[in-house]
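One structure is given here, and the rest of the page talks about it.
Just so it is clear, A, B, C, D, E, F, G and H label the chains in written order, and each chain counts residues from 1 on its own.
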Amino acid sequence: MNARILNLMEEVRSGRCSPEEAADQISGLRLEEVAGFARLDLGRTIRCGVPEVVLAEGKDTTHLVGIMKRYVEVSGRCVASRATEEQAAAIQESVPDLTCEYYPDARIVILTNGTEKPSSGGIVGIITAGTSDIRVAEEARLIAEEMGCRTLTAYDVGAAGIHRLFPALNELRDADAFVVCAGREGTLPAVVAGLVGRPVIGVPVSVGYGYMGKGEAALASMLQSCAVLAVVNIDAGFTAGAFAAQIATGVQRE
Amino acid sequence: MNARILNLMEEVRSGRCSPEEAADQISGLRLEEVAGFARLDLGRTIRCGVPEVVLAEGKDTTHLVGIMKRYVEVSGRCVASRATEEQAAAIQESVPDLTCEYYPDARIVILTNGTEKPSSGGIVGIITAGTSDIRVAEEARLIAEEMGCRTLTAYDVGAAGIHRLFPALNELRDADAFVVCAGREGTLPAVVAGLVGRPVIGVPVSVGYGYMGKGEAALASMLQSCAVLAVVNIDAGFTAGAFAAQIATGVQRE
Amino acid sequence: MNARILNLMEEVRSGRCSPEEAADQISGLRLEEVAGFARLDLGRTIRCGVPEVVLAEGKDTTHLVGIMKRYVEVSGRCVASRATEEQAAAIQESVPDLTCEYYPDARIVILTNGTEKPSSGGIVGIITAGTSDIRVAEEARLIAEEMGCRTLTAYDVGAAGIHRLFPALNELRDADAFVVCAGREGTLPAVVAGLVGRPVIGVPVSVGYGYMGKGEAALASMLQSCAVLAVVNIDAGFTAGAFAAQIATGVQRE
Amino acid sequence: MNARILNLMEEVRSGRCSPEEAADQISGLRLEEVAGFARLDLGRTIRCGVPEVVLAEGKDTTHLVGIMKRYVEVSGRCVASRATEEQAAAIQESVPDLTCEYYPDARIVILTNGTEKPSSGGIVGIITAGTSDIRVAEEARLIAEEMGCRTLTAYDVGAAGIHRLFPALNELRDADAFVVCAGREGTLPAVVAGLVGRPVIGVPVSVGYGYMGKGEAALASMLQSCAVLAVVNIDAGFTAGAFAAQIATGVQRE
Amino acid sequence: MNARILNLMEEVRSGRCSPEEAADQISGLRLEEVAGFARLDLGRTIRCGVPEVVLAEGKDTTHLVGIMKRYVEVSGRCVASRATEEQAAAIQESVPDLTCEYYPDARIVILTNGTEKPSSGGIVGIITAGTSDIRVAEEARLIAEEMGCRTLTAYDVGAAGIHRLFPALNELRDADAFVVCAGREGTLPAVVAGLVGRPVIGVPVSVGYGYMGKGEAALASMLQSCAVLAVVNIDAGFTAGAFAAQIATGVQRE
Amino acid sequence: MNARILNLMEEVRSGRCSPEEAADQISGLRLEEVAGFARLDLGRTIRCGVPEVVLAEGKDTTHLVGIMKRYVEVSGRCVASRATEEQAAAIQESVPDLTCEYYPDARIVILTNGTEKPSSGGIVGIITAGTSDIRVAEEARLIAEEMGCRTLTAYDVGAAGIHRLFPALNELRDADAFVVCAGREGTLPAVVAGLVGRPVIGVPVSVGYGYMGKGEAALASMLQSCAVLAVVNIDAGFTAGAFAAQIATGVQRE
Amino acid sequence: MNARILNLMEEVRSGRCSPEEAADQISGLRLEEVAGFARLDLGRTIRCGVPEVVLAEGKDTTHLVGIMKRYVEVSGRCVASRATEEQAAAIQESVPDLTCEYYPDARIVILTNGTEKPSSGGIVGIITAGTSDIRVAEEARLIAEEMGCRTLTAYDVGAAGIHRLFPALNELRDADAFVVCAGREGTLPAVVAGLVGRPVIGVPVSVGYGYMGKGEAALASMLQSCAVLAVVNIDAGFTAGAFAAQIATGVQRE
Amino acid sequence: MNARILNLMEEVRSGRCSPEEAADQISGLRLEEVAGFARLDLGRTIRCGVPEVVLAEGKDTTHLVGIMKRYVEVSGRCVASRATEEQAAAIQESVPDLTCEYYPDARIVILTNGTEKPSSGGIVGIITAGTSDIRVAEEARLIAEEMGCRTLTAYDVGAAGIHRLFPALNELRDADAFVVCAGREGTLPAVVAGLVGRPVIGVPVSVGYGYMGKGEAALASMLQSCAVLAVVNIDAGFTAGAFAAQIATGVQRE
């Protein structure tokens, strides 16, 4: 932008542009500036490394396709979360020239015009306590990958016995950050946080019945934990994956 | 600001200022601009007609006095809410050259350098169900007056019998907006909203014991009410008074 | 009513009416009066400018049609909220001589005998954070229009990027009051309230999953907001629209 | 350990040790092994870079001093959180040969035998919305520094007007991770997360009255936020500071 | 029972019965006594005037029919609450010799062998705020009638305008007790309690959406009410009707 | 009132009063009428048999004395609930010519000018599970007695063993209605309701710690009870006593 | 009892007792029987092995001493829970001839006339996560000992590092049942339950701040746990100790 | 394991095995040991006597069958809880050579390769208040039987009248532990705990509507109960059955 103002100055000095015209143009630029300031949010992908994710749930297909196409035009790729198989099929049908991948476990659709995912060099480890937590973990995994990270996963380490945890942690030892998904009483994230030296993000999963079921007890016990643990909303795989990718990318960027 | 840029253009054209210098200065101006944009918030008094209100609760006196003096310098008047008598005394002592009024019911301190309250011509009616609600109503009244409104009050119309309501509403018939404060089951705001043709803001008051006591049942019943009623937080006299004053001032401004 | 009593007095004096007959008639009037007092509620449309709105949800069609017809007879127009498409079709079929409009987004049916909406001259601005909030905003819009206001809308200003907010607020700058609908954390109403000088009514929308989802976090954050903001129940588009229309109409009435 | 077993084998072979004695010794070794495995937790400081923090609240002084001295012996430094001034004084008195610093805002006591804090090279940015949030932020700051990070702070950026946020973020632009403390509706962390490219940890602060006050609305709105944001328990400055330091240290370690 | 024991004593004295036999018989009597004491519950109909009511919801038909037949055998009549139309039809089919009435609004089935309802002379007044509350009111009405009371009803007095309340209360002026059903903010019971001199039982009805919807706000506001009002569980028409009938029957019994 | 109007008509006819004057007077009467309608509430003592009870809690003494004196003037007696010993002493001192009784358990002050309590002939049985419930029971007892009932009490029947329940119920067998106070899990009211044939009002008492303590579990279990039981707010001895007295008085009135 | 009746029969037969007298006596016996049945509760100590425990909290000293003396007379020993040091001193003073032990951690007073505790042979293991949990654990310990069990304790095994857990469990390996007390996220009971083959009772302790603090998260996570774990109320050391003693005693009794 | 090491020692001494080989083998054993330590969890069946129970709910059939087959291979038997009839049929079809029993009430599938259940000699008594509680009780029963206990059941003792309770308790008098399932206000477990001398585990059942319905009031009242009672999660028949079996087995094992 400096260049543009400098050019204008040159034109004023050279007489090609009157001071009044220049002042007007600069005011215009300033308006653009203010709008641009507000528009910063548009640049979230560039600024924060977080891709645009559209919540498919509750959106009608036309609307959803419209939004996703717009984002693909702007940034080459677009992710829709909580999408049904029907929505995925409808998207594919509506934009046959774009590539549409559907991940039923994660309920995620990724629409691209061939633009590749970035590559940050960061590594995110993703762990689940049980098999019911995998759908949330997969959401985290796909987002982290969209943000350029490599992912290492160890699913069902709690359900199959804690003996799987130690080898699993060993396999994931290169991770820069961990996402740990757990429902019911949700203690696995604290256990992992007590064993690894890297940041652990706990994701309560809406599993479990009765009192404080559906992830509520998990959320509570993660927030109350003595371990050094940060938490996201129940089932918020997207947030956890993106947060872990931010950490991992930062580690590699230095 | 246009004038300033125009001057700069003239200096460029006249050669008194190089294009590079000018571009730098304009960048500087733009930074100011962006900061100015952000600084809009400082101008809340001017923009929204809402005075600066400092929450005294939990602040130590030095800190509190510092903040209030700064605001008095900027806008001539400053309001502190939830202030203790001790805080009020300490403020008065610290700034003997300013005028410090303390309203113990409302727990409000108003500090001024002699600047008068504005006068908007709007009228706010303030009603309480019982005597315990008066402290909240007084907070609403003082804020509405700070914002330039005249206030009409009818306190304790529920506790003293609903027969007080009708004459009271008659006396308050010129109000442009109503603030109605009630604890326990909190039904008075809906009753008033069903009887007057002007907007009614319900304020749940933290009165009442047992299940959903301390204003919680009042909040719930106001939100569930069939009447056309808007609600603020429990005990939020400030918000209700300011909101009503915004309405009343708008009515008069047209 | 004074005129009517005065006429009666004249008839007593002139002997056209005996004192007994007059006393009886006046008693009748008084009964009417008392009933009329009670009946004030019937006159809500006239008194408060709020139209009758029938909650269609959970009502069987015969019942619903009966109530709506009665209101159309009395006031020319009737609004039913939370109506299904089936209910709308059934209403239209039952009263083919009336005009029945169905707004599927807002789930509102408007039934009229050709009576026009009033025109108050007030303007209500209606804003949504996302597309999921539009259904609630549309309910607010239709009610505000039924109450004689013009409406200006800016939908999806949050979802499409906050850069839409500033131009949108500019387009809505003539609004006398604002209704701002938002789910999840529900921060948009406070942002708008910090930027405009007119009253803002926040409407929490039942969007968002997990902890305090379905509008509960939005309600909480609106009530806790430092901004001057009044709130209605989750999804209560009707109340917000009617409340904003009351404000806007008052502004124009002066 | 292999060496030790090998030696034993040699002794068995050489007859210096009977098979029975050797079997017994190996069993003993195995017990040590198991205990050693369990004892991993002792090494949390080394393993996770998180210092031992003792919760002073509710502990009697003798007990507290005992625990802290033990940790100082092991690792040279010990932190006690939620300590009263009385506890701090009592600690100092009990161990006059150790250095005891008390931070009244953060309610933290740091006891050392002269061992220096580590230095990781990481930078943690700490921001508060208001002045009431500073006590929590200070807890985060002290822990992050104990973990070897440099800290940059910007306090009260919300209360003093959002115009302070932009310069503040500029000053904190080198931070590897951010801790953002806010009470009431708690929106500042999401705002910061939308503006910076580094991980942001939201800390709800127990400020605010009425419905979902005392940090509950803040927690809810942070969890519901669309921004990429991780959250810790209400007032959990320690957890947030340690988590941010883990991120920041990782960034520098690579 | 004294007579029976006395007879036994006579038989002992007369030698017709040995002391051992008598002691055994008395032990038997005592066992009966103890069992009888426990069995008091069986006699609830006689003792408390409350009929046996079977919760049909979630019971399979065979089971339900079996229980109801047993009660009809014992007491001539049996009531099943929360019964579907399918259950009602199945009951009728299974016991063609009994009379089975189904009340779809109240979701109540009454099965009889021709035994008439008792007649206590008591009168219960039943009022609803809206039409959605009628299903609960009808449950109350049918139970009160099963307990021998006459019922007077005034439904929808709130929805159709409070002007219906006064004539309605006039029509119900002979009631010995009132059941008042209301959803949303649930204020009607307190209004009625303030106007009549007889006991009023408030029944919160699971109507209303959003915060504390589904009868929760109604329950809270009834419990917090300043009026003299007793409350039953949300939708508990049965309990309210039976409680009111207990009052009304007592009034007549004296 | 007819007579008064008729007189006025006569005066109009006879020319002693002009039609205009008469119309004015009738308007005045009508205003009185409307006010009178509203004033009904003033007559609560007469209409509903419920005495005026002033909540002393949170009221300053001057205010409290003023209100109580006014009520004593009107009705001869006044009750203040939740009064401290200090308040009671202050009242006595302020109005030495009135009789002031203080019941420390019930925290009730009764102020009279010598007017006797009414006598309705009704009998209210009051039972508590433990000794901690007595303060609430005493509040119920005093109110019931103020309303003219005789009371029979059985305190601590649960704590001292359920064996006290049966003799106690026997002693209370003449009661027309029962108030049963219980904290913790609050099961006694349901037990009593299953054993007596008269209405039982359950009062949850704010006793018990931990999960749903302070009367919350008691409230929940009373509302969920299968027994025919009506409930009042936690600790609402006043409401329960007044409600029971309404029942008991009705029984005797017939 | 049979013997007694048989004797009576003999007396009837022999003429020493008239049939009428015998019938009366038997009625009396039966009344005793019924009362005795009810009185079963008195025999809780004998029947269930659970000693009488008086809640001292909120009781005045006279009352408390009275109750405890009565129990000591009946059963030789009496326990008061949640007693202050003042209450303990007052008890000792009032009954100088009895032995009064006060345990300040557990806030328990044990009053005896020299009667020894029973000895069941059972062993109860009591474990706490932290030092703040000890007060609850001590309550459990004292009750279990009153019920005749030997207790083994391992306190603070979590706070001092999980490496203490394994040796601790080894030391407690003879326990027939375990009581495990933990606050905050409350995971220790599930860990223990996964490692031992005997029943584990989890006791949530009211430790921890913020969201679901004060034992609420602990309760939730214990109830949601996959481990085989039974739970008692927050801080309910008494219940847990007594329950564990019931188990342990049963084991030994066989 | 000592034997194995001793053998190795012998081989070293005898020269059949070199010290190096032996050290390697012992290291291997130690690795096995450590893994085995971790793997302890695998040995839950042996260690704790609790069988592996797979939560079928939400698992797809292939996954479910895979897990169950693995467990059957390891331990001969596997239990799946919350299984639908479809899942049961699919399991049977997939593994025709194994025996698959489906219990529709308990929604439990038991898959075996012919391995018999163990037999511990313990006896578990299982009681329900109503018929709706049977599905939870059956889950408890099947698990207790899988763990080698004999079960005695008394279902519907509350619904059919408390007179069934005493004979039922008599029939169950040999039980070593009791599981008592109850919904709504959930008082039956406390009643049973007051009558029997053996441990009682309360299971709240998700029955009941309105406030704190679906087992929440039952959970609350069980936790608040004065009786010596331990509790499990709402509907947690599995946990209660396994816990009771642990108690019962211990009793017999001694």
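A few remarks follow.
Operating definition for what follows: contacts are C-beta pairs under 8 Å (C-beta built on N, C-alpha and C of every residue); 3 or more make two chains touch, one makes a residue touch a chain.
Computed from a prediction, not measured in an experiment: that's the story for all the values here.
Looking at the partners of subunit F and subunit H together, the chains they share are E, G.
The minimum number of touch steps linking subunit C to subunit F comes to 1.
Ranking every chain by how far its Cα centroid lies from the centroid of subunit A, the top place goes to F.
If you average the CA atoms of subunit D and of subunit E, the two centres end up 60 Å from each other. Centroids of subunit C and subunit H (each the mean of its C-alpha atoms) stand 57 Å apart.
Chain centres here are Cα averages; for subunit F and subunit G they lie 40 Å apart. Contact with two or more other chains is made by residues 34, 40-41, 210-211, 213, 216, 219, 223-224, 233-234, 236 of subunit G.
Chains that are in contact with each other form these pairs: A-B, A-C, A-D, A-G, A-H, B-C, B-D, B-E, B-F, C-D, C-E, C-F, D-G, D-H, E-F, E-G, E-H, F-G, F-H, G-H. Across the complex, subunit F meets subunit E through its residues 40-41, 44, 47-50, 176-177, 193-199, 201, 219, 223-224, 228-234, 236, 239-240, 242-243, 246-247, 250-254.
On the subunit A side of its complex with subunit B, the touching residues are 2, 5-6, 9-10, 12-13, 15, 18-20, 22-23, 26-27, 29-30, 33-34, 37. Remark: subunit A residues 184-187, 190, 208, 210-213, 216-218, 220-226 touch subunit G in the complex. Residue ranges of subunit B in contact with subunit D, taken from their complex: 34-35, 38-42, 55, 58-59, 63, 204, 206, 215-216, 219, 233-236. Taken in their complex, subunit D has these residues touching subunit B: 131-132, 161-163, 165-167, 207, 209-211, 213.
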